Amino acid sequence: MTTTTGPHPTRRLLLQGAASVALLGLGNLPFAPARAAANDKYPEDAFKQKNEADAIKALYGKTAEPSDKVKLDAPEIAENGGVVPISVTTTLDKVTSISFFVAENPNALAASYRIPDGTMPSVANRLKMAKTTKLTAIVEADGKLYSATKEVKVTVGGCGG
Amino acid sequence: MASSIRVRATANGDTTEVQALIQHPMDSGFVKDSKGELIPAHFIQELKFECNGKDVFIADWGTAVSKDPYVKFSFKGARKGDDLKVSWTDNKGASDTTTAKIS
Amino acid sequence: MKARSALLLGSLGAALVAFALTSPRVVAADKVDPVADAKAFQNFFFQKFPNVKHEDFVNGPYSMNADMKRQWQEKEEFPPYEFALDAGKDMFTTPFKNGKTYADCFPNGGIGIRQNYPYFDTKEGKVVTLELALNRCREANGEAPYSYVKDEMASLTAYMAFTSRGKPMDIKIPDDPRALAAFENGKRYFYTRRGQMNFSCASCHVQSPGERIRAEILAPALGILNAMPIYRSEWSGMGTTSRRFVTCNSQTRAVPLEPQADEYRDVEYFLSYVANGLPISGPGARP
Amino acid sequence: MKWSFVLAMLLAPMLALGLAPAARAANEADYKAAYAAADAASKEAAGLRHQWTVTVSALAAAKKAGDGGDFDRAVAAAREAEALAKASIFQATSEKEAWKAMEIR
């Protein structure tokens, strides 16, 4: 198994990610009005986006900032890439949407949940991951986006056959 | 035919915890079958939970949700004995619905 | 001439003595002693993993790794074998065309008896496993047998296992030389290296349980069948004991035998007997 | 020690190539003979219930190449299948006693 990259490169990735998103954000401000909350119908376009930054933009139309108020719980090594138990909870209030992005999947956006008021801001679900990947959970609270990220190692099992 | 949705909704105090397991292949469209042909995408896109006439939770799912999908959440404002309506539709237009009593 | 024959006799005698000394166990091994084997087998694992509770061994890889155990417990809140369990319950109570049901084929109506399977059938002189008994019940009632590696059989065994959950494994070996031979044959199969990888079951499940084989953690051999049948995320579906044996063989690049071949029945007999006393935990969820 | 080891590693392949006789192209008769030998060994391995999956696939590859007239590849695959089958036969016979070494006593 290739040795995994140390912590500093993931920070570098994050910075690059954030930088490119910011640029994109600036780039299309004039013509695409940023939609405030996740709209109420099935976000078809967001699910089609390949990479994470485009998916976030298509779903929320704005960028997220990492926040330690978003608690993302995922295994360090997935027992199986087909069934990875993942959950997120947050102490932020006025949460209207929670979404999960699996960077290395064919389409980054995995699942998005609309949280009406009166519903607790926490979700547990089981997602598929194609390979070792960065997993990002995004919480939309009071119109702003907060994120948490974790790396999940994924590989096949058994001795090969 | 038994419903494809298994729901457990338990209320303690004002908070109701809901767990759902749904029988569905959730084919992503990226997987090949034994003969090497792509299995077409067939996955639940929207899963809705309603209680006392109000949506309490709506899931928009893509191709990365596991087979026989599971979800857990909790919400306030319901009491023991209330009905929780659960319904899903998939990308082929199929759907299923069930109603569970909050215990 | 006399000297030479004396010399010959002397060397023969020495050889015999040497043979006896060097392999006392070999002589003793000829007499099959399942009770001693089971005790030695269990002690090996209890000493190798002193802080694993004895009954935890039946949880396979999850008894070996905390992170995996957490993922398992999350799955167990609403386990993926729920559907197979319900299907098995329906099938168990749906009568055959001739009006009979599985309950008529099994002691106690098939409820709470999984811990006694496999058993040695003295009439047939062979080991009979739960999967074999279920198919024989179907054939006896004019129904087509199920595949040993597909979902229908897994649903039936899942329901029967569920009705025995927590009961200690209770396999009997009658005082019948053929039963002892079947036990020994199962033991031999378990320790015999096969396939191009040149692994035996013991290479992974005795020498390195708890260690990783790529993404998976290897389960200890003790109690490894107590959770059968299992829902495997790898297969995203149910798996019977037969399916597990067949796929394990092909992983080591050994051509699998036909399901319910004598060797598989005997190795299931051996593995179940040495796990006597450990609780049934089927149906199980595994990676 | 390290240098001599590296040197040996470099020399060995060159020597082997140089010495190999200029093999003429295999013909159908060579293929038939090689396949028959491989098939016999494979059947023996199967009889001992110790067959390897790689033997079966090498044998199939040999047949496919043979049917397609590519006798060089067919003979090579047949020889590989025979070697694999013989290895599995050796494994079966040696394990008759060797398994006891791993037995928990």
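In order of appearance the chains are A, B, C and D, and numbering begins at 1 in each one.
In the analysis below, a contact is a pair of C-beta atoms (placed from the backbone, for glycine too) under 8 Å apart; a residue touches a chain by one contact, two chains touch by 3 or more.
Everything numeric in this text was worked out from a predicted model, so none of it was measured.
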Chain pair with the higher count of C-beta pairs in contact (A-B, C-D): A-B
Chain centre separation in whole Å, for subunit D relative to subunit A (CA means): 51
Between subunit D and subunit C, distance of the C-alpha-averaged centres to the nearest whole Å: 34
Approximate Å spacing (C-alpha centroids) for the pair subunit A, subunit B: 21
Mean-CA-position distance for subunit C and subunit A (Å): 43
Subunit D, residues touching no fewer than two other chains: 53
Multi-partner residues of subunit A (at least 2 other chains): 82-83, 87, 124, 126, 161
Residue list for subunit C, restricted to those that touch at least two other chains: 80, 236, 250, 253
Every chain pair meeting the contact rule: A-B, A-C, B-C, C-D
Residue numbers on subunit A that touch subunit C, as the complex places them: 1, 75-83, 85, 87, 124, 126, 153-161
Subunit C partner contacts - residues on subunit D that touch it in the complex: 46, 49-56, 84, 87-88, 91, 95, 98-100, 102-105
Residues of subunit B that touch subunit A when the two form their complex: 15, 28, 30, 45-46, 54-67, 69-77
Subunit D-facing residues of subunit C, complex: 25-26, 29, 37, 40-41, 44, 187-188, 191-196, 198, 200, 202-203, 206-207, 250, 253-255, 257, 263
In the complex with subunit A, residue positions of subunit C that touch it: 61, 67-68, 70-72, 74-75, 80, 197, 199, 204, 213-216, 233-234, 236, 247, 250-253, 287
